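Shared chain: subunit A. Partners: subunit B in the first complex, subunit C in the second.
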Partner chain A sequence: MIRVYRALITQSIQVLSAYRVSLFLYALFSFIRPIIFLAAWVAVAESQGGRLGSFSRADLGGYFAIAILVTHLTAAWDFFEFEWEVRRGSLSPKLLRPLHPINYSIVNNGLWKLMTSVAVVPVAVAVAITFDARFAATPAHLALGTVSVVLAAGLTFTFGWVFASAVFWTTRVHAIVTLYQRTAFIFSGQVAPLLLLPAPLLVAALILPFGYMLGVPTEILRGGVDVTTALLMIGGQVVWLAIGIVLYRVVWNAGLRQYSAVGA
Partner chain B sequence: MSDAVIEVSGLTKVYRVHERQEGLGATVRSLFRRTFKDIPAVTDASFRIAAGEVVGFLGPNGAGKTTTLKMLSGLLYPTAGEARVVGHVPWKREGDFLRQITLLMGNRTQLVWDIAAADSLRVLQEIYRISEERYRATLGELTDLLDLGPLLHKPVRNLSLGERMKVEFAAGLVHSPRVAFLDEPTLGLDVSMQARIRRFVAEHNRRAGTTILLTSHYMDDVVALCRRVIVIHHGRLLYDGELGELAQRMAPYKVITVALRESAPSAFLDELGTVVSRDVASVRLQVPREHAPERTARIVRDLGAALADISVEDPPIEEVIDRVFAGERMPEAATA
Partner chain C sequence: MTRYLGLLRLFVRTELQFALEYRVNLLLEIMQMIVVAGTSVAAVLILFSYTTVMNGWTLPQMIVLLGVYYVVQGAEELVMQPSFQKFMEGVRDGTLDFILLKPVSSQFMVSFRHFQTVQVVQVLMGLGVTVFGLSQLATVVTLGAALAFALTLACGFVLIYALLLALSTLAFWFVKVDNILAIFWAFIDAGRFPIDIYPGWLRLTMSTVIPIGIAVTVPAKAVAGQVDAQTMALIAGATLLAWLFSRWFWKRGLRAYTGASA
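Entry: the complex of A and B
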């Protein structure tokens, strides 16, 4: 498998290099939204005497600077490509090979993040400096935060594939995915830090998988929660990731039975 | 037939499709209440193919050829029936099965569009776990047969259709599959490239012993490559047997072509058989098979010096197949 991954990585670098400009344009998505929300919340905080709930201007700067990195590292867009592959018929050749199609996405996803991080990291640093970001993270937070980012990336990726698999039943999966993404947008911590959400929304964010996709790793990395809470949150991520993997396997296997190889 | 590598029994595939009447009212109603229709694509197909055979799978558009190939390659689950290909149930898509088959479709690409074919082939080498030595040997042979040398290092998007088809063949065969399903492999290619691909398929079959199930609308492909054909129409197998025998069953006549130095009397020609075409220098006649030797001898004897040349042939295979599809006479399905 290592040799297969090495070959896929080489191929993926060649493909990504063929479209260098679009490679970096897509990276804009990682930081444009967090910067907009940061600016908006800072304006609100300053109009209220410099604080917004438990967050100072510097705390907001810290949260969104880290959110830029976490958004980037946990991004998943495979559902759109998967729909395209099914509609164009290019999934079939992959299904005919003794390698699960998800492996191509894992490599493509990971490599894109790695290659475009060089553009995203300086932006996150610049945001942190501009807003005098405050971080309260200890080495334990950083270690747990790293684990949490990996789990969040896995969670986003897995749920992305669960929804992408709907394409086996309906070749227009875009609407379903958009609904999923809008829900994630509200509950994941993109709009505002989880700790600033009204109590019912916070509970919903932590019962549903969405909070674990962005808000949880961001809060852990910034030191916004204590280590015990961080461990509990990581436990939540593990549970949701396990649910996601089981769901994915069920949906994928059922979907293959439905597959009518449209256009292939 | 104990060495069968493809065994199909009662294979059936029914597609369930959404059906809507035309018009705005029907469109609005379909938002609330959908109606579906079952479309049988393949019905109760049974056949066996032995190792090393090249079999032509013939049928008009929508006959069920591609659906059958997709089921046999594991892409589609059948609605009913059984199949085993190289000892595996295809739709279980086990790794050992996938390593032994290939499905090449003339209108689809399996190569990555933006990079050189050589790079895609390297990935396939790892996916199929091909040793470096075997990879080099197989690719060398494919390069030799298909004249791939100058093509392998160009991005696939820059290749012409014919060139792309050649590298598609390389990608489909680099793992030396035991069974190759070829779906319209010469579709859209010019005559010379069609002939080249045909020669390649024949040579590859001879060298590697690959079992091939081929669909094509070009009868030249079938005549050049397949002794045996399976004819499918409206999802049902109509014929399974020798290509030559199909002509005998479906077209119980021979075509006698006579080249003339001077014109022959119409009455004489009409006595011989049905005149299909006629001009000053030649005549084409349809003659019942059993009378062909006697009528040929009569033409030679009676026309004497007026006869410049004569040939006796089976009707063109396109004509034979047209008669099958037109349902002029349904031959009893034979078992190869």
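Entry: the complex of A and C
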């Protein structure tokens, strides 16, 4: 398996470096939206004398600066690629190979994030400086936060594959994916730090998987919650990741059984 | 002129027939627009649960702004985006030659040949949201403000058109320029809030090179009577310049075009 992965990594690096410009263009999407909502929240905070609940202007800066990094590290886009591959028929040969297609995707996903971090990290730092960001993270927060980011990336990746598998039934997944992404838009911590969501939405965000995808790791990394709460949140992530993996296996296997290529 | 209008009607009709072939897809696309607009309104409501005014913008004004955002985005996706996309494909595979040979303005053909007719729904929805926001405003919209709104919105369309035409024209030299347009897509998201809340570099970007900020924020301000005559004259002047430049640039590009395999 190590040998296989080494070959996959070499191949993936070569493919990614062949399209350098578009490689970095998609990284734009990692930071534009957090900056937009940071600006909006700062404007709201200023109308209230610079504070919103437990958040000062500097805390908002800290939250969204880290949200840029977490958004980037948890990006998953397999559903769009899948739809395209099914419609073009290039999925079928991939399924015939001895290696499960998810392996290609894991390597590609990880390497893209690694390579484009060169562009995204400086942006996050610049945002943190511009908005005088304040961080309250202790070394324990950083350690737990790192674990939490990895879990969140696994969560978005797994759910990405669950929705990608819908393609076996519908061929087009755009509508379903839009629904999924817009729910995440409200509940994951994109439009507001979880702690600033109105109470019913906060509860929903933590019952559903969405809060664990972005808001939770971001709060832990910035030191916005104490260590006990952080551990609880990580527990929630583990539970949802487990559910996601089971869901993915069921949906993928069922889909595969009844899949017949387009044109068949 | 009547010939061009007739052509336009024909293009819309064929595209509508094409869209109606895939009815389920059509319904799903409309559903997506409603979900996207609904969640955007929800995001604004979350922000305003903490305040009544954001950098001088009240909630009704923000709703108006969001409505204008969807009108502009819908108009852009209705005709500009599909047409320029096809144009760039045409440069790449050589089918542009057939368009150039037609006895009508090639700029017209390239800009208005393709429609995503379903986007009409997005424009109408945007208008609906705008009208709802207006009905909630504390002040009455004067005739002058309504005219200012129409004028600045028209300027916004032309500005975006000029930008997209100029960017697409680059295809004559560089062939593959979809990536440059992707930058436009990334920034359009920022149009959902008034540009005056953004840090300097972003505000500057959105009022010059990617004028989505002007196209959305200025009309939303104008309808509340907050744009003075001087600013409007400035924007109208800039729009005229942008349009003249893009037209000149397009003609230059056309002269540089040699066909896909020449």
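In this section, the second predicted complex is superposed on the first by the 262 of 264 C-alpha atoms of A that agree within 3 Å, B and C clash if a C-alpha of one lies under 4 Å from a C-alpha of the other, contacts with A are read in each partner's own complex, and residues count from 1 in each chain.
In this section, a contact is a pair of C-beta atoms (placed from the backbone, for glycine too) under 8 Å apart; a residue touches a chain by one contact, two chains touch by 3 or more.
Nothing here was measured: the structure is a model prediction, and the numbers come from that model.
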| item | value |
| --- | --- |
| Superposition on subunit A - do subunit B and subunit C clash or fit | fit |
| Partner with the higher number of touched subunit A residues, subunit C or subunit B | C |
| Contacts of A:256 with subunit B and subunit C, given as first, second, both or neither | first |
| Partner chain(s) touched by A:114 [first = subunit B, second = subunit C, both, neither] | neither |
| Contacts of A:136 with subunit B and subunit C, given as first, second, both or neither | neither |
| Partner chain in contact with A:242 - subunit B first, subunit C second, else both or neither | neither |
| First (subunit B), second (subunit C), both or neither touched by A:97 | first |
| Touching partner for A:40 - first (subunit B), second (subunit C), both, neither | second |
| Nearest-approach distance, in Å, of subunit C Cα atoms to those of subunit B in the combined model | 6 |
| Residue ranges of subunit B touching subunit A (in the complex, touch as defined) | 15, 70, 73-77, 93, 95-96, 98-99, 101-103, 105, 108-110, 112, 114-115, 119-120, 122-128, 155 |
| Partner subunit C, residues of subunit A touching it in the complex | 21-22, 25-26, 28-29, 32-33, 35-37, 39-44, 46-48, 52, 130, 172, 174-175, 178-179, 182-183, 185-186, 191-192, 196-198, 201 |
| Complex interface listing, subunit A residues touching subunit B | 3-4, 6-8, 10-11, 14-15, 18-19, 89-90, 92-93, 95-99, 256-257, 259-261, 264 |
| Subunit A-touching residues of subunit C, taken from the complex the two chains share | 25, 28-29, 31-32, 35-36, 39, 42-43, 46-55, 179, 182-183, 186-187, 189-190, 192-193, 197-199, 202 |
